[in-house]
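Lettered A, B, C and D in written order, each chain numbered from 1.
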Amino acid sequence: MMFLSLLVFSPLLGIVLLMFVRKTDERMIQWLGTAATVPPLILALFAFVQSGRGFRLERLDEARDWVRLTDLPFLTDAAYVIRYELGIDGLSLVFIVLTAVLATLAALASMLVKTEKKGYFLWLLALEIGMLGVFSAANFVWFFLFLEVTLVAMFLLVGKWGGLERERAAYSYLLYNGLGSALLLVVIAVLLARTGTANFALLHEMLHNPAAEGQLIAPLTAEGRRWLLGGLLLAFAVKLPAVPFHRWLIRVHVEAPPPVVMLHAGVLLKIGAYGMIRFGIGLFPDEFRSFAGVLALFGVINVLYGALLALRQRELKRVLAYSSVSHMGVVLIGLGALNEAGIQGAVLQSIAHGLISSLSFLLVGVLAHRMGTTDINRLGGLTKAMPLFSGYLLTAALALLGLPGLAGFVGEFTSFLGLFQTKPALAAVGALGLIFAAVYSLKAVLDITFGRPRDRREAVVGSREPQASAASLGEPQGGVVDLQGKEAVPAFILVALIVAVGVYPQLLAAPLTAVVKTMMNGLGG
Amino acid sequence: MNDVWQSDWSMMAPEWIVLAAAITLLVMDLALPSSRSRRPLAWGAAAAAALAMIATAAMIPAESASILHDTFRLDAFAKAFKLVVLAGGALALLLVAEWAPKEGSPHRGEFAYMMLFALLGAMMMASSGDLLTLFVSLELLSVSSYILAGLRKTAPASNEAALKYVINGGIATAIMLFGMSYVFGLTGTTNLGGIARRLQETNEPYMLALAFLLLLIGVSFKLATVPFHMWAPDVYEGAPVPATAFFAVVSKTAGFVLLLRLLVTIFAAAPAEGRDPSSLLLSMQPVITVLAGLTMIIGSVVALRQRSLKRLLAYSSIAHAGYLLAGFAAMSWAMIDSLWMYLLVYTLMNIGTFAIIAHIVNETGSDDLDGLTGLYRHRPLLAAALGLFLLSLAGIPGTAGFIAKLHIFIGLVVTEPGHYVLAAVMAITTVISYVYYFNLIVQLFFRPTFTAPLGRLPAGLSTAVIFCALGTLAIGWAPGLAYDMLARFGHFGDFLP
Amino acid sequence: MTLSAYLALALILFCIGLYGALTKRNTVIVLICIELMLNAVNINFVAFAKYGAHPSVHGHVFALFAIAVAAAEAAVGLAALIAFYRSRKTVHVDEANSLKH
Amino acid sequence: MMNLAWVVPLFPLGSFILLLLFGRRWKQRSAYVGIAATLLSLLWALVVLVDRLGGSTYEANWTWMTIGGVTLTVGISVTALNAWMLALVALVSWLVHVYSQGYMAGDERFSTFYAYLGLFTFAMLGLVLSPNLLQAYIFWELVGLGSFLLIGFYFYKEEAKAAAKKAFIMTRIGDVGFLIGMMLLFWQTHSFDYDDIFRAVGDGTLSPGMTTLAVILIFIGAIGKSGQFPLHTWLPDAMEGPTPVSALIHAATMVAAGVYLVAALFPLYEASHTAMMTVATIGGVTAIFAATIGLVQTDIKRVLAYSTISQLGYMMLALGAGSYVAAIFHLTTHAFFKALLFLAAGSVIHAVRTQNIEEMGGLWRRLPWTAPLFLIGALSISGVPLFAGFFSKDEILAAAWTNGPRLLFWLAVAAALLTSFYMFRLFFLVFSGKARHHEDAHEASASMVAPMFVLGVLSIASGYMQTPWFGSFLGEWLTDGAYRHEAAPGWIAVLATIVSFAGIFLAWLMYGAQKMPRDWLSARVPYVDELLRRHYYIDDIYRLTVVSLVSWISRLLAYVDRFLVEGLARLAAGIVGAAASAGSRGQNGQAQTYGAVTVAGLAILVVIFALTGGYWL
């Protein structure tokens, strides 16, 4: 079976075809680039549907010989064999579906990108391969490999197609995530060195089967395992990101082109959550217990910190950036709860936030395109000129603040439910974040869509940025045009998904149940 | 005398090939009229190196053996490292073939055969079984290198580089020789195996330790590691690009050959004061660890400030030497494996980078990193190849650099206790190195160009670039290729005599 | 006893050479100082060959090789100096500082 | 039919979706979609109600999400209370849909308005069908959404924007309390189902302390939604919305949801004396508190808004005093007469295009239908005998007397006095006296009058479901026959009557006949007047405490973010950069320096070795 390889590498076809398209043929590039994201989408949905019908995902596992680092005589035959291994379970599957969906939508939304479209799509597709690979890998080395593909692709996408301070944002991204990755690499190296394998299942076996203790190439003490887990969590905390490692996220959110942020906020941040669950809980369940409190604490800090800072921002992208910080805190809260509800909540929150932030940034892209600015102080009363857009924006805000019936609620609710079992007092403090979420999202969105349309000159005087000159102000070209057919499609799909998940979360919860149960068994609870 | 004539001289076939080629080229260079282009000579030299490589490869299945009273050893270690050295040499000679400095290239013939002599030195070093051969081959390499550095006779920078190289090289030679003299004094023999055996009975720990430190410092000159790294940036910058590539790759490999042959063979089982009385080498591990850490930090940090590409790569090569030294400092069973793998990969990605820099220097006469701006627009494939080499140097997965680095990491943490601090330093300096590697990528892909578009890559350079790029990609995505080869060396089980 | 004396002499010579190599401005003197260091090593070798714990002829041989190599190195050094002098009109090593930072 | 009760909310939902998709094309015709949908809902709800009158509770559940071994469900539960509320909500909603056709005619976003109304109605109907806390919470927030959207309907008005935001945030504060309480209960009982929770209370799995904590937290949700002190401030501001919305959401249905929630969880509340006392106290305080503010308001809708707060306080008081039936009874009558009052007020506003009662007057003759209907509403709310309000208020007073603290009883009586006073102050100011330049004021269309008429009838008739004289049908049905009328002293009814007439008389003196100066009170105690006019400075207190505290913390964190977090990152980068510069400068180009560094390195190693003797670490 090559199913997973096909799934992960199918955008490669698009990359190859794009190479032969003339740089100037933008329509063709847009079309081809979007079409290239469709095969993984179809395959992912197919797998999703089939697994819903009872297909066993293990049957998709793939393994191929890749490299054997050494065959020293005192080692067993299996030691230091790194294979090309892909394999998914319910947990990976939901993330893969999320990735595939958002990639297609981001490709659609990329019609607003006008410069050097060819290179843009090449890297966007590379990014998709990386993301799909991260969630499909069944082996630490390949996980890391795909992770770094996303790192490079994002660096280029942000640095080349971003806003004014794009290079700085790209470096921020690179360095923070590079440090996270480097730490992760050390952990991977330790695990690989001492167990002789990088396969998740084998690692799990080696770490937890007392009989396998003897097969370890070098001992892994309890103390050592705690350090390893600490390293893992720290590495993924940078990717998530947890306060105080969040500064890169703000820059990337603000500077990157909106379709890229759709993928970044939608999927890449979730790698942090995925990693913590897959490796943190999956490989070190016993040790994870001792970190649960810290995680929950950081989760609450994230929630409140992000929300309180989002309150002060007057630039829509920054509001959304800090809200991402806040929402990722909810993921940490779920993980810190360390019970079924919490873990499931963390995953649901990841997916939900993926959809919601994608929607938000899709709209931000349209807004920036139409009005030339996303500064809240310079906007107002948009409902009059752009009723449809405003409706979508309001929906995004409501989803962001966790309105029941929309996806955001499901994640937040389940995560908090989890924490209320284990640490009710902490959870109650964190719940304040829900109030702040309502304040910042409504404040931002209502200031844009409600009220009087802003007089531009007044806005400039009122603006706190002295460098804002009338010339830099976005002058709507002619009349302001509402969301149009092609742009509305991704927005509509996202809203539909958000509503679907919000109304019937079992859609996502069903594939997760088995995984969560396995993890809870590992946790011995 | 009988021994000499009854020896199995075929074991030295690669050396003979290189030597014969060098002498032939020397004679031809003298004989040919000055109007004739010396470019074919460089191609011939490259072919000779490639031929020697094939000869070496053909000998892989052979049993380990030694001739000439165990002064010349042909063990797995020798074969393996000779292959790397020859690969680096052949590729560097391709760069020589296309060497075209602004003032003209009247000494290309010399360039080719001097590089062959240096290569011969490096090869001999890999096969040395005796202090004396080790010393002589080291000097053959060094003295030839001094000349290579100064080959641009009319360029002040090249002259200065040669002078600095000679002075520092001389001091290093003296220090190392001083250490050798103590080792000889304690054992009364120059055979490496013999020294190791006799040292087990000696009880002069202080003198021995002093000898060790002297040798270590002396070797660090060739490795360009702290504290003897400072010459490298100046010499790399001043030397002609093919020579720089040669120093960065072949000399460095030779340095690690020297490190392993000399320090490991002699001191692995020598008694010591200190933590590990059974092995002086192990008790000196902390020193090497600290030096490795400092080398990584200094190399990657100072590189941040460089604008000259050659100088930047000099610091980058110092950092890489630090990674290699870290792999050595771990002293795990993966040590030689990981060093060989890293050096192989390092050869490919570095020569690839230098080939492109050589082209830029040929075309623009400058090696400022501005020369890279907007390369993507005019020469997308060239830019992509350089991007690949840079990513590999940065250790990004999907390239060979990652696999090599991973192997070093594994070596660092597999021992008990693991070298976690060193691993952390390596991880952090790797991230710091992202800044300057990605800065070059930014120049390549993001910035608009101000300079005239570069011309097409000449045949020699494109051969080198294609070979290196394919190698970097192949080892990155299918590392099995390289590791299967490594497996055939039997993990250098016959390394210690 | 005798060995120690030779060793001490060699060490002193070595240090003198080193000091000179690191402090003298004139490159010719620097090169000569390096020769001095190498010669100090030769004293060591010869002394060990005669009075060492394991006297052997290898030390003499080594010293001969070292002398030859030192000569080669000095020759190349002087050649480099001459080339340097041609372009810079100076033999002062401290003026060879255009490559830095 | 009860098993099909889940269909009831779907009609308005369908209307919402249809109007969202096609509303712009249908324009004014959108109203028919909304009216038809709610009519169907109403009919269906009545069928369900009738079914339930003769039957027993029906419950059905479907999986919503599984969490490990626990399955969270959604479903419907047709208890007596739910069936009653279902019909009530559907009825008022339908009437408001009809009324709005006239009131909103010509508005640019006419279809949007109906869409939002549909959404709200769907949510409210869903809320009253919920069999568990989770579902209740979901719809609880959705009704909030409907309210928010409709308050902000006039989006271009800054006041409407602020009011909508405030409404959402203030109720959200309460909602978080609700959420926390609900989750705490969940981990005690492993279920959100009302039945399971009640069972847990019954068999003692739920500790009393936890019960108290949880229900008080849930009660915070009710406080927020029902505009109780201290989270009431959003409700008067919510009057920025169109008047039919005020009638439907902010008088008859949504704000009563708090009362409904406490009623639905009544067994849980009953288990905790502290909780009951809290409910009663908050209710009683709110009743008098809001009534006093109502005395001095000059905006017709705000008077009604404070009146609503006050009446909701009554209901809470009733619940706290243990009289579940009285609360629901008053909820019902209040829904009718308050909706009537709001619709009538809307008719007045429609006619005179102002909301300031001081600019009105003498409208009695100009609005021949509206004025008498308003009078009926005012009499009913004032508790004049034979009107619906009289019976329900009497029931509450009786409950407060028998079960509650005396103080709360007297507060309730005082509030009744104030209620009749400010209602008739309003009545006299608007309808009596000289007409003030409203020459063109005329009665509204039939589509507006008809719903008012229906409500007028109900404002009288609904009282007779539960009277001391004709039996207590409602009580018996709601409690499955376990209801017994409070044996309250007869003088309470008399007292209530006296109080209500006294209020009306006083209002007549001041505003009708103008025998007393209007500034009689404000001239004597100006600071009291000022206090009331500024709503006891509650908004200002919030602004100075909570809001400024949050904004202060937020600013502090902004500095932390910019200087500490970013600063540390920059410091690290700066150190690396400085090291790079230093290292670069150290590379001074002198070959001899390089050698010296080497020798120094060697010397350091040798010295350390000599000192430590090989024991490096």
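In this text, a contact is a pair of C-beta atoms (placed from the backbone, for glycine too) under 8 Å apart; a residue touches a chain by one contact, two chains touch by 3 or more.
Please read all numbers here as calculations on a predicted model, not as lab measurements.
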{"item": "Labels of chains that are neighbours to chain B and to chain D", "value": "A, C"}
{"item": "Comparison of B-C and C-D by number of C-beta pairs in contact, larger one", "value": "B-C"}
{"item": "Innermost chain by mean C-alpha position", "value": "A"}
{"item": "Approximate Å spacing (C-alpha centroids) for the pair chain A, chain C", "value": "64"}
{"item": "Distance between the centres, which are taken as Cα means, of chain C and chain B, whole angstrom", "value": "25"}
{"item": "Distance from the mean Cα position of chain D to that of chain C, given in whole angstrom", "value": "95"}
{"item": "Geometric centre distance via CA averages, chain B-chain A, whole Å", "value": "42"}
{"item": "For chain D, residues that touch 2 or more chains besides their own", "value": "584, 587, 589, 591-592, 595, 599"}
{"item": "Junction residues of chain B - those touching two or more other chains", "value": "163-164, 167, 171, 175, 233-234, 305"}
{"item": "Which chain pairs touch, all of them", "value": "A-B, A-D, B-C, B-D, C-D"}
{"item": "Contact set on chain B toward chain C in their complex", "value": "131-132, 135-136, 139, 142-143, 146-147, 150, 153-157, 159-167, 169-171, 173-175, 177-178, 180-182, 184-190, 198, 202, 233-234, 237-238, 305"}
{"item": "List of chain C residues in touch with chain B within their complex", "value": "7, 10, 14, 17-18, 21-22, 27, 30-31, 34, 37-38, 40-41, 44-45, 47-48, 52-56, 58-59, 61-62, 65-66, 69, 72-73, 76-77, 79-81, 83-84, 86-88, 93, 96, 98-101"}
{"item": "Residues of chain A that touch chain D when the two form their complex", "value": "243-244, 246-247, 305, 308-309, 311-312, 339-341, 344, 381, 383-384, 398, 401, 403-405, 409-410, 413-414, 416-417, 420-421, 424, 427-428, 431-432, 434-436, 438-439, 442-443, 446-447, 449-452, 504-506, 509-510, 513, 516-517, 520"}
{"item": "Chain A-touching residues of chain D, taken from the complex the two chains share", "value": "63-70, 137-142, 145, 152, 155-158, 160-161, 164-165, 168-169, 172-173, 175-176, 179-180, 183-184, 186-187, 550-551, 553-555, 557-558, 561, 564-566, 568-569"}
{"item": "Of all residues in chain B, those that touch chain D in their complex", "value": "163-164, 167-168, 171-172, 175, 205-206, 209-210, 213-214, 217, 220-221, 226-228, 230-231, 233-234, 272-275, 283-284, 286-287, 297-298, 301-306, 432"}
